[in-house]
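Structures given as structure tokens follow.
Below are two complexes that have chain A in common, paired first with chain B and then with chain C.
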Partner chain A sequence: MNAIETKKLTKSYGKSRGIMDIDLEVKEGEIFGFIGPNGAGKSTTIRTLLGLIHKDSGEAKIFGMDCEGEREKILKETGYLPSEVFYYENMKAIDLLRYSASFYKKDCSKKIKELADALGLDLNKKIEDMSLGNKKKVGIVQGLLHSPRLIILDEPTSGLDPLMQQTFFELIQEENKRGATVLFSSHILSEVQKICDRVAIIKDGRLIQTQKISELQDNSYKKITFHVKDNPLDEFQLKGATNIEIKGQTVRFIYRGDCNLLLEKINNYPLLNVDISEPSLEEIFMHYYSDKNK
Partner chain B sequence: MNILKRELKANLKVFIFWIIGLFVLLFAGMTKFSGMGQVAGGADVNAVMSKFPKVVLAVFGMVGVDVASLPGYYAILAYYVLICAVIYGIQLGVNAAVKEINDKTYEFIFTKPCSRSYVLGIKIAASWFNLILFIIFEFVFSLLAVAFLDTGEQINQVIFLYAVSILLVSSLFFSLAVFLSIVIKEVEKGMLYTNLIFLSAFVMAIVYDMLENGRVIKVITPFKYFEAKDLVKSRLDGWYVLVCMALSMVLLTESFVKFKKKDLK
Partner chain C sequence: MNVYLYEMKLQIKSFLIWSGVIVASLFAFMIGFYPVFQDSLEEIMNMIEGLPKEYTLAFGFEMSNLNSYVGFYNFTFSYISLMGAIMSLIMAISVFGREKRSKCLDFIFVKPISRKKLFCMKGLTCISMTTVLGIIYAAALAFCYRLTGQTGRWGKEVLVLGAGFYFTQLFFIVLGIFAVVYLKKIRSVSGAATSFGCIAFILSALANITGDKIMTFAAPLKYFEPDNLLNAGKIEYAYMAAAIIITVVCISIAYVRFCKQDIHAV
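Presenting the complex of A and B:
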């Protein structure tokens, strides 16, 4: 059974914002990445799934249940970490977490303690006095404390330092081993690549592609920049290179293909410097678009 | 129960401030009554009042009231309590409906396994409970303040009817605040629009007092649903009791319907 399934899910806020015809299938037990630049429609999709906003058309189901009609049943099984965490004034972390736990008919105190220990969170501190990172930790505990079957994470790592991000990924992987399905939304491709099985790419409210991470890595895109000595270049061509930009002695392009062929080709030039890096998400999107338009 | 407990706790601080204000208003206000019988120079206080422009008397809720009598004097204070209760009711109503959205905590509460109607219902119940408690305090403080005056005059029934009328009118504004906060798209403007209606109703109440026959205006200003001239004679207009209750019910029912469909963002 699919944990999440949407068919032609559409929500419009006006002329340009919202989501359009989103077809998403997240299988039970997988960690699914949902990636796109800010404003692409990730949060809108998530909020529609959670019943915070209402779809205009299409279908949205979680564990086979309709996201609007059977919202309460779904939410019993779902843990959600919003992209920005806001909690009540004058509440200590432990009070907030107990309040959160009181909505589920199970004892969550052991899990709260385990998660807080793993994240190094002081439960007796007032939330309003906490740093953004610590507030995020409260959010993580709050989303996981009832051991949900589905965990929805919207930009979960913002505010967490790299070490804490690693701990967080381990926690998510543990939850996944326990059997939880995870929907992980982010605008950073590399962090999605770290823990996800599959990834869906969204831009301007439309789903561009759904891919296995392993395929994405096999066909990984590289951003190549090289500078040549002496004379400026007039042209550069290579199979697999797109978005080629030549400015004087500098050449930039996105490359997908055999690395040996690439190195062989650029080795023919009198090189001053070569830079091979991971392209930004925007650059990958540009590439997708140029592929699509061909 | 968990939501109810949290709501009552969250409302407590503001409630205490309002109760302190209410205590000061009623006790300090009532102690001035002993000096009301006659003003400096031995002139009758009603005669002095009649020299004021009518609009001034209307603003202070003194039109058609014998301020030299205990029920008449109490009617003026009760008018101020009514204004306070309406302001407090609006504040409670707006908070019950959209505070979580304004404070951006809605992503917490509305992703818990409870229906939206249940959460809204508990919030409305908690806030309305605070409003009722405010009016119970008003009733008790009024009884005590009058007893302290030791005039020997009994106006318990007047005080009770005033408490009922204040509850009805403030509950109507409370319901209006809930409704408007929910139907207006920009949630932060719910308070603004309800306050504008409150001010318009207040101005209409003044206009009503200025006119000889303002029956049409009376319908659109809840401040005049229950008039001092009736209440001091222990009369409560049954028709307007029904109007208040029916309007409040319709506004609240419609609030639940609209809230279910509202996009929370």
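Presenting the complex of A and C:
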């Protein structure tokens, strides 16, 4: 059974864009990445799945249940971590977590303690006195305390330092081993690549494609910038290089192909500096579009 | 019931303070000031007569009535009902606007509880507290009646006047709920509640100054005014009917909006 299934899911906000005809299938037990630039429609999709906003048309189901009609049953099995966490004023973390647990009608105290220990969270501190990172930890605990079957994460790592991000990924992977399905929304491709099995790419409210992470990695793009000494370059050509920009002594392009051929080629120039980095998601999308338009 | 218990816990302090202030004010006016007022009735009347008429009307000094216990209570009620209205507005805005104010609507709306139930639990919190205060208020009023030696139909009067205070509070709770589901941001609960309360008081003052019966329909603090309740004629029943209609319409609209509105990211 699919944990999440949407068919032609559409939501618009008057004149501004929302999401259009989203067909999504997340299998039970997988960690599914959902990537797209800011404003692409990731949060709108997630909020529609959670019943926070109402769809205009189409279908949205979680564990075979309708997201609007059987919202309560779905939410019993779902944990959610929003990108920005806000909680009640004047409340200690432990009080918020106990209140959160009271909705699930099961004893969550052991899980709360385990998660807080793993994240190094002081439960007796007032939430408003906490740093952004610690507030996020409270969010993680409250999203996982009832051992949900489905975990929905919307840009979950913002505010967490790299070490804590690693701990967070380990927690999510443990939950996944326990049997939980994870929907992981992000605009950072590399973090999705770390833990996801498959990924869906959304842009301008439309799902561009869904593919396995392994396939995405095979097709991995690199952003290359190099500067040459002495004379400016007139032209640069290399198989697999696109979006080539030459400005005086600087050359920029996006490359997909054999690294050895790339290094061999640029080694022919009197180099001053070379920078090889991950392209932004926007740059990858441009390639998806240019590939599709060809 | 977890939402109900949680809201009760968070509201109890404010409830106790406001209830204490209201009951203490009732005692101060009806046990403390009333006998003094009666002893110096002539001097006070002379002083009031020296004030501009609009001023005395706006602040509820109804000359012909002030010498009777109910008349004095009518004057007292102008202020106690204002306090009750502000208390109700604070309660409704706090309880129903708690998540909006803390920007944690996402937290509560992704919990496995229907929006209908959430609305009812929060509403029940407000009704429970108002009912408890209503009973305490009626008991306090009965105490005032007995202590100042009022006789006659005091039992019935206490019930009717206590009910007037109770329904005034319920009306303002509904108004508060209606406002909170439409307000985009709530910066200060007490600020918003006091503003609404003051507007209601100004509308009452305007209705008093103009003496226009139709104007009273726009003055909710006067819908359950003691004089209207004890000497109800056609127009007074119409005020009460207006209160009931406004209450039903506002709560129905607020309920539908609460249950149907989209919760956008902060």
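In this text, the second predicted complex is superposed on the first by the 293 of 294 C-alpha atoms of A that agree within 3 Å, B and C clash if a C-alpha of one lies under 4 Å from a C-alpha of the other, contacts with A are read in each partner's own complex, and residues count from 1 in each chain.
By definition in this document, a residue touches a chain if its C-beta (ideal position, glycine included) is under 8 Å from a C-beta of that chain, and two chains touch if they have at least 3 such contacts.
A quick note: this is a predicted structure, and the numbers were derived from the prediction, not measured.
Model built by superposing both complexes on chain A: chain B and chain C clash.
By the document's definition of touching, both partners, chain B and chain C, reach A:F86.
In the overlay built on the shared chain, the residue A:L52 is in contact with chain B and with chain C.
Once the two complexes are laid over each other on the shared chain, residue contacts for A:E72 go to chain B and to chain C alike. In the superposition on chain A, the residues of chain A contacted by chain B and by chain C overlap at 47, 50-54, 71-73, 75-76, 78, 80, 82, 84, 86-88, 99-100, 102-104, 142. Those residues of chain B lying in contact with chain A across their complex are 2, 6, 10, 103-108, 110-115, 261, 263-265.
Within the complex, the chain A residues that touch chain B are 47, 50-54, 71-73, 75-76, 78, 80, 82, 84, 86-88, 99-100, 102-104, 142.
Residue ranges of chain C in contact with chain A, taken from their complex: 2, 6, 98-99, 101-104, 106-107, 109-114, 260, 262-266. By the touch rule above, chain A contacts chain C in their complex via residues 43, 47, 50-54, 71-73, 75-76, 78, 80, 82-84, 86-89, 99-100, 102-104, 142.
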